[in-house]
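What follows is a pair of complexes built around chain A, which joins chain B in one and chain C in the other.
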Partner chain A sequence: MLSPAVLLLVITSVYPFFWLFRYVLYDYNGFVAYFTGTYNIKRAFTDAVFWKSVLHTFEYAIGKLILIIPISLGLAVFISRNLPGSNTFRIIFFLPTVISASVYSLIFTFIFAVFRGPLNTVLEAMNLITRPIDWLGDPKWVMKSIIVVAVWGGLGNYMIYFISGLSSISEEIYESCMIDGANGTQTFFKITLPMLSPILKVILLLAITTAFKDYQSILVLTNGGPDGRSHVMFSYIYNLIFAAFSSPQIGYATVLSVLAALIIGVITAGYLYLARKLDDVF
Partner chain B sequence: MKKVLSILLIFLFATSMMFAGGAGESQAPKGKTVVEIWSNDRHDLEYLLAKVSEFNAKSDTIEIKHTTVVENYPNMLVMGFTSGNAPDLFYMNARGTGFDLKTFVDANMLTPYPDSLLDDPEFAKVTDARKNIVEGVNAINGVPYAIFNVRRSGTRMIYNVDLFKKAGITKFPTTLAGLVEAADKVTKVGNGQFYGIATCASAQFERWLEGIINKSGVYHYDFKKGVFNFDGYREGILLAQKFFSNGSMFPGSNTQGVDAMRAQFANGTFGIWGNASQEAGVFTDQFPIEDFEWAVAELPSLDGTVKGTVDSRPQKGLFMFSSSKNKDAAWEVVKYLNSEEVVKGYIEKGYALPLSTYMQKVVDMSGAGRLGDFAPVPYEGLYPSVPAVTVAGDNYAVSIWNAIVNGSDVDRLIADLNKRYNEALERDLKIGKVKRIVIPNFDPLNPNKEKVQFLDK
Partner chain C sequence: MSSANYIRSNKQKAVIWALTIFIGFCALLLLYPVIYISLGSFKENKELLLGGANLLPKRFVLENYTQAWQNANFSVYTKNSFFLGIGTMILTVIISSMSGYVFSRKDFKYKELLYSTFVAFMFVNVGSVTLRPLFELAVKLKMNTSLVSVVLILVGTGQATFIFLNRGFVNTIPKELDEAAKIDGCTFFQTFYRILFPLLKPITATIALLSFRGGWNEYILPLVFTMSNDSMRPLTVGVNMLRNVGDGAAAWNIVFAGATMAILPMIVIYLIFSRHFMQGMTAGAVKG
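For the complex of A and B:
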């Protein structure tokens, strides 16, 4: 029964991986491969830009997760109450999910424009800043700006997951709580959150792996700049293969891809180990 | 309602799939040989399609199919070739972004131009074919794989005359130090309403600053010795750092796209913008400037004199894929698209400047708008391509630009670039990826005059 699926997996995933893996020892530009021995591997361990990009990946992923999970959960709880206008808000919050990351990132480049840009104009009018901020060009601000865009683009998706999780909790349990005199905060922390645990485990797994693999918005917003400050692992690897201004370094990019996959694999395994408890909550 | 929506969605999807292949000509009538051409230029599409239609109407044997592929062009060419769907011919401008001629030639993807075509009287007259063969740009080991028929100018400085007047500047500066001073003056007068100078998110260093350094006789590759040498860039980088330290660089221009910055210039929010002759059309059609006077100046240099060549890129080179099954018909199409009639009309429409001596004489530039402001100057030309080495870390243009923006130590930067680039050169020579390019009597004012030597070590 599983053989078609296994075959597809081998053809589309396993084979390409090993096909590419053979170029680890080559300088390969897509046409011609020049044997370089272990140079690519040695280079990977001394490549300061890559290791900085690893740190940036963690900064980005942690920043995104800290914001996106609570906000999407809060929105899901709010919308699940079926207050007037809930459906409209559900659509509004979900809309960014159906827009291409490249498109909304491009829109944000205009919002973040320094000179008379909409965001700076509003903040200056509210006397919150005295001079325009270079949101995408200032190393202090660039990662925060990128995280805001990522949260805006992704929260609708997680909100829908949470709504589906919330809908599986029986109304009778909430009615019992009300009869027992529990307030909203108690109900949320003692009933809603524990009962969401199984789906929370899946959502967190998806959110973590997605956050560590994100790079499309970054390519549009900053392409890793300024001075590599917003390069994450995959934006750096992408540039090694598809950079417009130099020949592709597919062999070296393969080494980095394997390292990146290992890093994400370790994090995912670590999360699954720590998250075992979430299965036992309910 | 749902059914109606579904039908509408299917219709939209089907329609979008129909257009997904780009703008192309319709299928050929039976009996005609189809020669397919890809181009990544949109601005001249209307003119070229009209000329293609004229050809197709006249020819009983050949039908040209012209397709525009804008996104990811070099990769699309590669994918087309490897999947057996490559066109017969493709347009590429000199040093086209992402296109490495040597890689294409080493992979046997291209067909060289035959002598019979290079020596064809009409073709030679219109293109100056033999004179415009540049190593690494349209030729490898002296064998040409394309011939360009027009050019765009080298980089020029386009400036807002009104802002210059407000700042009390009557003449455009001829030195980089003067440019720094002028930008500072305009910024001070602007008092936060307008600024001195700008760049944009792509090719920041190459956009105009590198041209200023090259005009001063400094290049990043020492052709006489066959090694990379960034020592001469020091003065230019130190001066350019002042654009940021004195606040005369338009805020945020470093991260905005080229069109966003063109729009800002057209709005009068900064005084100086650097780019080549394509801006003639940009500031008359795309972002027409009507509220102030603008002018075009030649690039300054480090000391005000001309000691080197500024890259001026020839355009509209037609390359032929080796996979073409209709080579004879394709060469006929190459001849037609390089005919005097087609090229003359192209130039007179204002799409580009003439390249050959003959075309410079016969074209009437009166209808080409502000393109005349970008007329060729003697020191503009093309350097031979330097060895395309695989460098660890950022390329030199990105590294230099980062140092300019951050104000970091220039001596350290130059030592790092010399080390990284020459290490990469030695390594790539050893594995046979590149050859050392040496021109013993290299003249920076005539970089293509002397014969190129290719050394294995």
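For the complex of A and C:
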């Protein structure tokens, strides 16, 4: 009864993982493979576009985390108070998570349209900008726009995680706080946050690993453009393997994939280490 | 938390009102893209090309949908999306519940090792590069011309979480039930599909919804597998291709209609089963 699951695991996860190491030393375009020794590895360390995409990955991940965690926590705290309308809010804020990232990114390309796109139209009507902004084509704005889309799409997930975390804090603690005369802010920082910290750690781990892995919505929004300004590691790798207009460089892409996985691994390990350190302090 | 029964001062009430209005405004802002695209799909193409932030169409037309359905192959895309969603759902439900049952009830050599392998590959992520060997394998097996291969890969890469959920759920069902079934002459498998599987209903509902969503929404995998085959594309791929390949702005109305078709079924399902979706998320995250 276990065999279908094991078979699928071997074919879809184990096999591709080991396949990865097969072409590390080859120049492979999908049809023929030439042995090139350590050329791919040397190239990886001098590939400026790749290392820029690593920087962009950090820019994207940090930007997304800084916005999405406080916003979703704030929403969760508000919704957990069960005021009138809370349930409606919960349903609305979770709604984007059931939509495919590829489709909501497509919708946002219309929202961000330069010529009379909804966003520019509204901002111009409010006199906040004088000239339309090229949200997805201007190197200054593109990453910020992508982060906004990512926050829009992911907010609901973290909100739900936080709501379930908050529901585990017992009501009596809040009551005794009120009796002691604590105000809302004090209650939040002295009670809610510390009580939430075990779950907060898990949520942060999830949030960090997802933020570093995202690339689907970038493929749709900009495909790395303008001029590689919005390429993250995985969107760059994707284009090396499956690009429509140039021949695939699979051997080189496997080297970069291993590097990318290592970078994410180091970040995850670093986070876990820090989280444990913080545990000792508090 | 039922803090609504506390006595509140007027000042507190005012703060809560202000917050509610602010969050309500944010909620509307959040919904704007969804409403914009769904109402926009009823606009005439020339109105879409003019742009602007108006939500309601000046003239309400249905022809975007008839065009998309008849001329732009969206009837096929929709069928493919349903195939991916339902196929992934059925296979995931069957495979993950059986595995969860075995992992919970049977003892065998290397069980823990096997289980940790499942969990480990949940965290190993090397990105899109793994699609390449899978694609080559599918070509070798002559399976690259059918969406079955996409379904199998989706089930395979997504199953670990669901096996995990099922195992947890089976653990909560008393073992006496199995023993009673065994005494009545049920085999190990019969015990599963006559006794245990019906009891798994709550978790099965959640898994069915989440895996359907996974199949319906998947983009990159079917994109790679249908590079040269338009008739295999699901909605997510079809609508995005239209934007790239189509002659620029001319096909906006069809893109709007197509995007609406890609999101509305999912939103309707979500609104009906929203509770299950949210439960599934937290069950997966907190226990995982």
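The working rule: the second predicted complex is superposed on the first by the 261 of 282 C-alpha atoms of A that agree within 3 Å, B and C clash if a C-alpha of one lies under 4 Å from a C-alpha of the other, contacts with A are read in each partner's own complex, and residues count from 1 in each chain.
Rule of thumb we're sticking to: a residue touches a chain if its C-beta (ideal position, glycine included) is under 8 Å from a C-beta of that chain, and two chains touch if they have at least 3 such contacts.
Just so it is clear, the structure is predicted and the values come from calculations on it, not from any experiment.
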Query raised in the report: Looking at the combined model built on chain A, do chain B and chain C fit side by side or clash?
Result: clash
Query raised in the report: Does the superposition put A:Ser164 against chain B (first), chain C (second), both, or neither?
Result: second
Report task. For A:Tyr238, decide between first (touching chain B), second (touching chain C), both and neither. Result -> second
Query raised in the report: Which chain makes contact with more of the residues of chain A, chain B or else chain C?
Result: C
Query raised in the report: Of the two partner chains, chain B (first) and chain C (second), which one does A:Pro16 touch, if any: first, second, both, or neither?
Result: second
Report task. For A:Gly117, select first, second, both or neither according to whether it touches chain B, chain C, the two together, or no partner. Result -> both
Query raised in the report: Between chain B (first) and chain C (second), which, if any, makes contact with A:Tyr215: first, second, both or neither?
Result: second
Query raised in the report: If you stack the two complexes on chain A, which partner ends up touching A:Gly228: first (chain B), second (chain C), both, or neither?
Result: first
**Report entry** First (chain B), second (chain C), both or neither touched by A:Met195
**Finding:** neither
Query raised in the report: In the superposed arrangement, does A:Leu25 touch chain B (first), chain C (second), both or neither?
Result: neither
Query raised in the report: After superposition on the shared chain, which partner residues are touched by A:Ile203: those of chain B (first), chain C (second), both, or neither?
Result: second
Requested in this report: Considering only the stretches 253-261, 397-405 or 433-441 of chain B, report the one that runs into chain C.
Outcome: 253-261
Query raised in the report: Which chain A residues come up in both lists, the one for chain B and the one for chain C?
Result: 109-110, 113, 115-117, 242, 244
Query - Residue ranges of chain A in contact with chain C within the complex - result: 1-2, 4-6, 8-9, 11-17, 19-20, 75, 78, 80-85, 88-104, 106-111, 113, 115-119, 121-122, 125, 152, 155, 157, 160-161, 163-167, 171, 174, 178, 199, 202-203, 206, 209, 213, 215-216, 219-220, 233-234, 237-238, 241-242, 244, 250, 253-254, 257-258, 260-261, 264
Requested in this report: Would you mind writing out the residues of chain B in touch with chain A in their complex?
Outcome: 72, 75, 78, 97-98, 100, 103-104, 106-107, 109, 195, 201, 203, 250-252, 254-257, 260, 264, 269, 388, 390-395, 397, 402, 405-406, 427-428, 431-433
**Report entry** chain B contact footprint on chain A (complex, rising order)
**Finding:** 27, 29-32, 34-36, 39, 43, 47-49, 109-110, 112-117, 132, 134, 136-137, 222-223, 225-228, 242-247, 249, 252
**Report entry** In the complex, chain C residues that touch chain A
**Finding:** 1-4, 6, 16, 19-20, 23-24, 27, 30-34, 36-37, 40, 50-53, 94-96, 98-99, 101-103, 114, 117-118, 121, 123-134, 137, 152-153, 155-157, 159-160, 163, 188-189, 192, 213, 216-220, 224, 227, 235-237, 239-240, 243, 252, 255-256, 259, 262-263, 266-267, 269-271, 274, 277-278, 281-282, 285-286
